[in-house]
Structure formats: C-alpha cells, structure tokens
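To keep things simple, chains are lettered A, B and C as they appear, and every chain counts its residues starting from 1.
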Amino acid sequence: MEKIFKKRVIITVLAVGLIMWMGLVPSLAQKPVTIKFAHFYDPAAGAGHVMNIEWLEKTIPAFEKENPGIKVEFEWTKWDEIDIRSIRDYAAGIPHDVMMSSPQLMPKHFIAGDYLDLTSYAAKWPKARAEDINWTPVWGKVFPLGIPLGIHTRTTVYRRDLFEKYGLDPGRTPEDLESLVKYAQFLTRDTNADGKTDTWGLGMYFGASRATIELYFAPYIWNFDGKLWDPETKRASFASEAGVKATRFVYDLVNTYKVTPEWATVGTYDEVGLINFLNGTYAMFTGFGSYWIGPLEEKGWVTGIFPPKSWGKATVADVFVAATKPHAQFTNAWALSINTLSEHPDESFKLIDFIVTPERLIDYPDAGLPTLLSLWDKPELQTDFYQEWLKAAAHGKSMPYTAHYGELADTVAACLQEILIKKAPIEATLKRFEDEYNAKYAGE
Amino acid sequence: MKAKDTISWIGFLLISVFVLFPLFWGIRTSFSPRYETSLIPSRLTLEHYQSLFVRPAFLLYFKNSLTVTLGAVALTLPLALLGAYALARFNFPGKQFGILLLVFPLLPLIAILVPLVSYMYKLGVYDSFMALILVNSVFNIPFALWMLRNFILNTPVEIEEAALLDGCSKIGALCRIALPLMLPGMIAVIVFVFITTWNNYLYAAALTSSMSVRVLPQALLSFIGTWGMYWEGLCAAGMLTLIPPLVLFLFFQKWFIAGLFAQWSR
Amino acid sequence: MERSRKQESSRKGGLYILWEYKLPYLFLLPSVILLIFFLAAPLVSGIYMSFQKISLRGISEFVGFRNYRLLLGEGRFRNNLLFSVLYVAGNVGLSVPLAYAAALLITGKLRGIQFFRAIFLIPFIVTPVVSAILFRSMVNPSFGPITALLEMITGKHYIILADSTLAMLTIIGHSFWRSFSFIMLFLAAGIATIPTELYEAGKVDGAGAWARFSHITFPLTKIHLTIVLLIITMWTLQDAETVYALTQGGPGYSTEVTAVRLFKDAFINFNLSYGATIGVFLLMMSAVFMIFYFKLMGGAEHY
C-alpha cells in the first residue's frame, strides 16, 4: 500500500517537473523583454489627445514588428504629474523604462538621479544625425537626460477675418510691444453694445499653472533684458527692474487698457487659450502653442496645414511671432528619457532611437514642430504659416536651470495673480514673493 | 399651530433646495448638450455617459475603488469586532487607554501622510491596493472599534453568560450569540467604512501613482486638467461615483445613524 | 458578569487569570499593532523629519529648527495658518445656525420627517471631490448658476474664483454645505433627549420661541454641539482635497489653507521636510482647537 503511494508521488513529481520544463525552456529561449512606455495622452481628453494615441498605436506595433524580442506596454500619467511621479517612484524603488519628460524639470531629475545619462548611447549616433537633432540652443541642457521629440514654441494667433472686418491689413501684424497694445485696443470690441466686451483684443492666461511663467511672464522679462533666475548667484531675480516692467505690461493689458479679460486668471490653459480662441472670444491670443495647430485645421480656420501640405493656407486664423525682442520666446518640447531603475535600458534606448527618426516624427501630432532640422527642408513646411513658426523656434529660449523650477513657476504665477486681481503694488509684491522664494531655495 | 406648521414647511423646503440644488445641477449638466447655459436644458442627451463607457478607464477606476473599499471593510470589520469585544466585555490592565481611540480620529491625518508614504516605500507596498487598504483601515479602526464597543455594551450580557454556562467557549459565545445581536452595529460600521474609504482622495493621491490602481476621486480630479474642463463628462462621472455610497446610505440609514450615535454616546 | 467571572477565576487560581487577560490582549493585538505601526510611529518620525533637510536623492541632514524658522518667517505661511482659522471659523459660523434650524425641524412632529431627514443628510455622504467639482462648475464665469444669481442681485458680472474674497467664500460655502447636515444630526440627537415638559413649562411662563431656544434648547445641547464642533473642526482643518479641487489655493495664495500648502509642498513639489514640518504645525493647531473646545465643554458642564 505504502509502496504504491510512494510510486504515485514520484510519478506526479516527475510529471509536474516535465510539464514545467516544457513550459519553461521555450519561454526562456525567446522570452520577450517587456518595456514600459510612460506617456500622458488620455483617450477622453479630447481630439488632441486622441490623435496622439492613434499615433502611438501605429508607431509601437511597427517597433515591435522590427524588434520581435521586445514588447512595449503603456503607462499613463497626467502631463504635469509625470516628472514628479518618476522622482517619487524612484524614491520608492519602483522601476519605469521609457518616460516622456519635461525639459524644464531636467535639473530636478539631475539632482534626484531618476533619469539615466544618455550620453553613451547618443555617442553611437553618426555626427550628422546628432546635429540634426541638437540644432536649437534650447536643447543644450536637456540632452544628457532626454532626447527631444519636437519643438514646442509659441506664437501669437490672430483672426484674419476680424482684421479685415475692422479695416486692418491681415498681412501686417504688430512688430513691437507698443504696436501690439495699439492693435489689441483697436480690436477689443463690444459688438452688441451691451457694455460688455465680447471680442477681446489680446488673450492671455495667468492661471495656477506652469504656462503662466513660461508664456506670459518670461517673454516680457526677457524682452526687458531681465532674468527670472540668476545662474551665477543661483537666486530668483524676477523682481528686478525688468521684472517690474514685465509685470506692469501685463497688468496694464488687463487693468488699464482692458484688452485682456480678467478671467484669464481662472481655469486651465487649454480652456482659457485654445477653447476660447476657437469659440471666437479673441481677436489675438498670445502664447498659442505649436501643439495646437491640429485643432485649427479641425475647426476649418486653416487648410492643408495639419498634416502639412505644400499648398497649406491660413485662411481665418494665422500666426505671427510674438512681438517681443528676438530670443525672448520660450521654447521647449517633450523629451524621452530612460528611468535609472530600468532593467532594460538598452531595449529602452532602441525604442527611443526608433521613434526619433524623420519617418516616425513627421506625423507625431504633439511634436508641434519637427525636432529634426532636416525635416524643415520638406516642401510642405515651406508655407508662410510654418516659416513663421520656424522664426519663433529660432528665437527660442529655455527656462532657468534650477532644481526648484516647479516652485519658481508656482511662486511667479501666484505673485502675478495677486498683482492682477488684488491690484497689489507691483514692486513691493514682486520683491516679497522673490524674497520668500530665495529664503528657501537660494543656492540650489 | 397652523402658522407654525407653515413656517416649518417653508423651512423644510428652503433647506431641501439648498441641499439638493448642487446635485440637481450635476444631474442637469451631465444630461445637457455641451455648452448649454440655461438652467433647464433644451434637450437631454446620454452622450456624456456613453463617452465614459467607451473608455475602459472609467470602469477600471470604478473597479479599483470597489476593490480598495471592500478590502478596507474586510480588514477593518473583524479587527474592530475583536477589539471592541475585548473592550466591552473584559476587564484588564490598560483598558483605560481605550479612550485614546476617541482621540485618534480627531488627529489631522494629513499631518502624518509624509512619513507614512516613506513607510510604505520601505514596506514595498507603495503604489498598490494593499497600501490603500491598509491606510484606510488603520484610519477607520479607532472609530469602528469604539462604535462597536458601544453597541456591544448595549446588548444584554446575560445571553452570552447563558451560552457560557451551556458550555460554549468564549469565542464560541462571541460567534454564535453575540454576532447576530451586533448585526446592526456591524452594518453601521460597514456603511461608515465604505463611505469614508470610497470618498477618500488624499491617501490615494499620496500613496499611489499608476493608473492601474487609481481610484475614482483621484481620476475625477485628474480629469479636470486633461479634459480641458469637459464639465458635462466630469459631472456624469461624478454622478456615477455618488451612486454606491448614496444607495448604501439610503438603504441602511437607520442603522447607520444609530451607529454614529453609539460612537459618542458614552 | 464580572463578579461571577472573578469568583470563577479565584476558584481556578492564578493561571486562569493570566488566561483571562491573554484573550482580550489577543483580541486587541492586531488593531494595536496596526495603530502603532501606521499611526503612532509615523507621528514620531514626522516630528523627526521636521528637523531634517531631505534632499531629492533622499539624503537627510539634521538642521534643527531651520524648517520652522523659514516657514514662520514667510508671510505666505503665516497667511496659510490664518486662512485655516478663517476657513474653520467661517464654516462653523455658517453651519451651526442652519444646523440648529434643521435639527429643530426634523425633531418636530410633522409628517414625512423621515423623508426630509434622509435628504438633509445627503451632503455628508457625497464624495468631497464630486461636490467640489459641482461647486466649481456652479461658479464658472460663463455658465455657472451662482455667477448668474450674483449678477442678477448686484448687476455686476463677477468672476468668482478670480476674486480673493469670493473665492474664500466659495470654499467656505462648499464646506458649509457639506458640514451642516452632520452637525444637525448631532444636535437633533441632543434635542430629542430634552423632555417636552421643559418646553411646556417655558410656554406657560410666556417665553417666546427665541427665549425657549436660548434658555432650554441651546444650554441642553451644548455638549452635543461641542463634540460635533470638535469633529467638524478637525475635518475642516485637514481638508486639502476640496479646496485644492475648487481653487488650487488661488487666486494668488488667497485660499491656500495650511492643508493645501502641505499637499502642494509634499506631494506636488516633493519637499518632504517642509511637508512634515507643516504637518507638525497642523497637529499643533488641532491641539489648540481641542483645548479651546474642551474649555467650552467645561463651561457647559458648569451651566
């Protein structure tokens, strides 16, 4: 009786072992490596996001087909949370592989150590290819930690039809801040004479977001030759004379000339900017991002612009380089980085390498504009519309290289809101916010 | 007397309007076509609800919320029950510290969230359902334990004694005799833990980062930015989020309220 | 039962007593372990962290009171503390009168009270993030009904969340909507314990409605009021999520209560040491409120 029992045990163990072996060996032989790709496109977040998801859904299978040993899984995080998530997860020991990242936060990543230095990988590229990517000055500091995916620059978008309606030549746009204000005043209209403005001359956004410092403060402080943050003393310097001038400029737009709506301090950048422009609220809106070119086509205000065609034409909406001095236009884009904790950095770089090629990036909607210089030679980008964007990109400038960029952005946004809404004294308020920032973060 | 009744009715009506208006507004917005501005929409549409279900994410968040909530209930209830029984039916050195349980729920728990997150890192449960279930349970245990203790104190002890005399063990007596008597108290605790866990945003925001463990309140807040203020969809998602706690509350209202009072009655 | 058990145990001797104590300890052990590990221990290490400077890489150094000094030296942080007090006071100040009115209504003798009590309790059940979203859409400048109502009354179009005072009123109003029903529940329980004869006697003495309230109802529900105020205060004090969802602390910093500041510093900008320090401040604030209310309760007992 006992013998039979023993026999059965042995047979069972052998059988189980055999089955496991049969299952294990093939899977060991060609077990695909799975890498995670963290992006921030949400299928429910509207047409812009959906376009990007569609692009990912055709790009990734193409990559997997070319690299049968690698599988790609998506991870999703909101765009303004992805960087801090990487840092938090790094502290918790949670690995990621390829991650979309913001250039402005690279110093923070550098100190936190959550992104791999990609120099050794990029060094294997032929010189021509490296130069094709790294052509604009704004990438200088991004490079070791991320590979840029496109160019996000900003222009002022305007309504050609409204220019014509009020007797302006839509081919001539303001060239300095003074004429910008004049245009804005002229275009601000109360069309039904009910005492309320219904076409605003110049839209802007001053919400609690990084967009505020990047698009509605930095360009003006740079225009007046100031700095947000001094790299030599490593201190915030936005309360300088130039900072005061910049603040007075936006203050006057809202409170003196009343060409910019005061509700620009509430809501999200998309809502105040894109949605209101498409709803016809503004004659001009400044800080209009290149990632918003698609929706203009969808609205029918430009044709053959997105995707770009050589006959493309701006019919109702057009753009001009914001009327600040040269090199005062904030420019960035998303980049791709590799998490330090990644178990498959080589495979991860393969994915980046695959994506950052002319064939893939040409129809990447969120690229805004091509990151590769060679792509700009294509005939479909020779239209007036795109040449204006190229001019803006060439004026590009990046955010200061401080690990506390997030705090700096929050501080400036809150300070501007306080001044615009409470009509607080400009100089003293700027100084107070600057001192508070420096007390905690100076030197870092 | 008549005049007084009229005043009462007006009072009921006014407060009801105050209470119900935001919910009415939410329902109205979730069924309105986009950018509708009038109070009563010109036509009703289901498109915003449909848009929630074409994306699998909403169902995933719903499932996640349910997992965390039921997990927290399942962990809290037995622990609180055991502890409550000990506090109510036994005398032992150190029992007087039980009163601390009344102080714990009064601590601003957000204050200890930062160290708690680093604990979760070290435990290796950061960004998992386990972390959320643990934290929600721990923060509910004091309340639940005290609530049940008072319920047990209010059930007659003689029945248990009779069971003991019949030869049941202490645990046997607890299971067979006391448990059924405590059912209303247990339901009150279940409803309470369910609602607080379901409604909680903060712990989830602090303790998780991946989409796969994201719970509903977190998802709703992250929609605010990414949807460019798609109010109608946001309201539809919000209304669906409200259903489970509201249904539970309306079903077990009587016991739930009685349970809340038992909490503070001694 | 206690006596009978004692008799039993004395008959069975010392070992049985140990067994008697072992069981309740065993019953309490899991809860106590969890509470020590996840509540008491983080409390201690939170205080410890507040004396450190923790870098992004997780390297910490002891800095004494630096974090406290820097925070207290900031006008912004002093405002955070002040706004927290305003937020609590505003919420309590609005909720208590309405809660009394509602409590008196639902303890009355009208038909259908059960139905109204259920309705009145709904705000307390509603998910805070959802109610915050609803309120935020109600004050939306282009289609919000509250914006429209305000325009009808004042004749001026306000952008509610772009106005410091109105934004503060919005977060208080939202909290008020959520809190009053919970307060009402407690007060109703208190009112239900007041014998009707007292009111009858009051009526005979010719006391009006207000006199009856201030001489009978209020004094006899003071204990209930104190307890519920304590709970509501703690909830309001640590409420970061609804304020964040409504205003993100803006415009400027004008609705940035202490809990929101903690949330921003610790979980958005990942400044752990400041987060922990603000946590200690919140603990101190709640202690102050507790002492204040216990004093009030002491007063109630002397009444």
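By our rule, contacts are C-beta pairs under 8 Å (C-beta built on N, C-alpha and C of every residue); 3 or more make two chains touch, one makes a residue touch a chain.
This is a predicted model, so every value here is computed, not measured.
Asks: Thinking of each chain as a vertex joined to the chains it touches, would you call that graph a line, ring, star, complete, or other?
Replies: complete
Asks: By raw count of C-beta pairs in contact, what's the busiest chain pair here?
Replies: Comparing chain pairs, contacts are most numerous for B-C.
Asks: So, what's the distance in Å between the C-alpha centres of chain B and chain A?
Replies: Distance between chain centres, rounded to whole Å: 39 Å.
Asks: For chain B and chain C, what's the span in angstrom between their mean Cα positions?
Replies: About 16 Å, centre to centre.
Asks: By the touch rule stated above, which residues of chain C touch at least two different other chains?
Replies: Residues 267.
Asks: Spell out, as numbers or ranges, the residues of chain B touching 2 or more other chains.
Replies: As it turns out, chain B has residues touching two or more other chains at 118, 224.
Asks: In chain A, what residues contact two or more other chains?
Replies: 88, 91
Asks: Going by the contact rule at the top, pick out the chain B residues touching chain A in the complex.
Replies: Contact set of chain B toward chain A: 51-52, 55, 57-58, 118, 120-121, 124, 126-127, 209-211, 222-230, 233.
Asks: State the interface residues of chain B toward chain C in the complex, per the touch definition above.
Replies: 5, 8-9, 11-12, 15-16, 18-20, 22-23, 25-26, 29, 35-37, 39, 79-80, 82-83, 85-87, 89-93, 95, 104-116, 118-119, 134-135, 137-139, 141-142, 145, 157, 160-161, 170, 195, 198-199, 201-202, 205-206, 216-217, 220-221, 224, 231, 234-235, 238-239, 241-242, 245-246, 249-250, 253, 257, 260-261, 264
Asks: Where on chain C is chain A touching in the complex?
Replies: That would be residues 55-58, 70, 73-76, 141, 157, 159, 161-164, 248-254, 264, 267-271, 274 of chain C.
Asks: For the complex, which residues does chain A have touching chain B?
Replies: Per the stated touch rule, the residues are 40, 42-46, 49, 75-81, 85, 88-89, 91-94, 267-268, 270-271, 274-275.
Asks: Would you tell me which residues of chain C are touching chain B in their complex?
Replies: Touch residues, chain C against chain B: 1-2, 4, 20-21, 23-25, 27-28, 30-32, 34-35, 37-39, 41-43, 45-46, 49, 98, 101-102, 105, 108, 110, 116, 118-123, 125-131, 133-135, 137-138, 140, 142-143, 145, 177, 181, 185-186, 189, 227, 230-231, 234, 237-238, 240-241, 244-245, 259, 262-263, 266-267, 272, 275-276, 278-280, 282-283, 285-286, 290.
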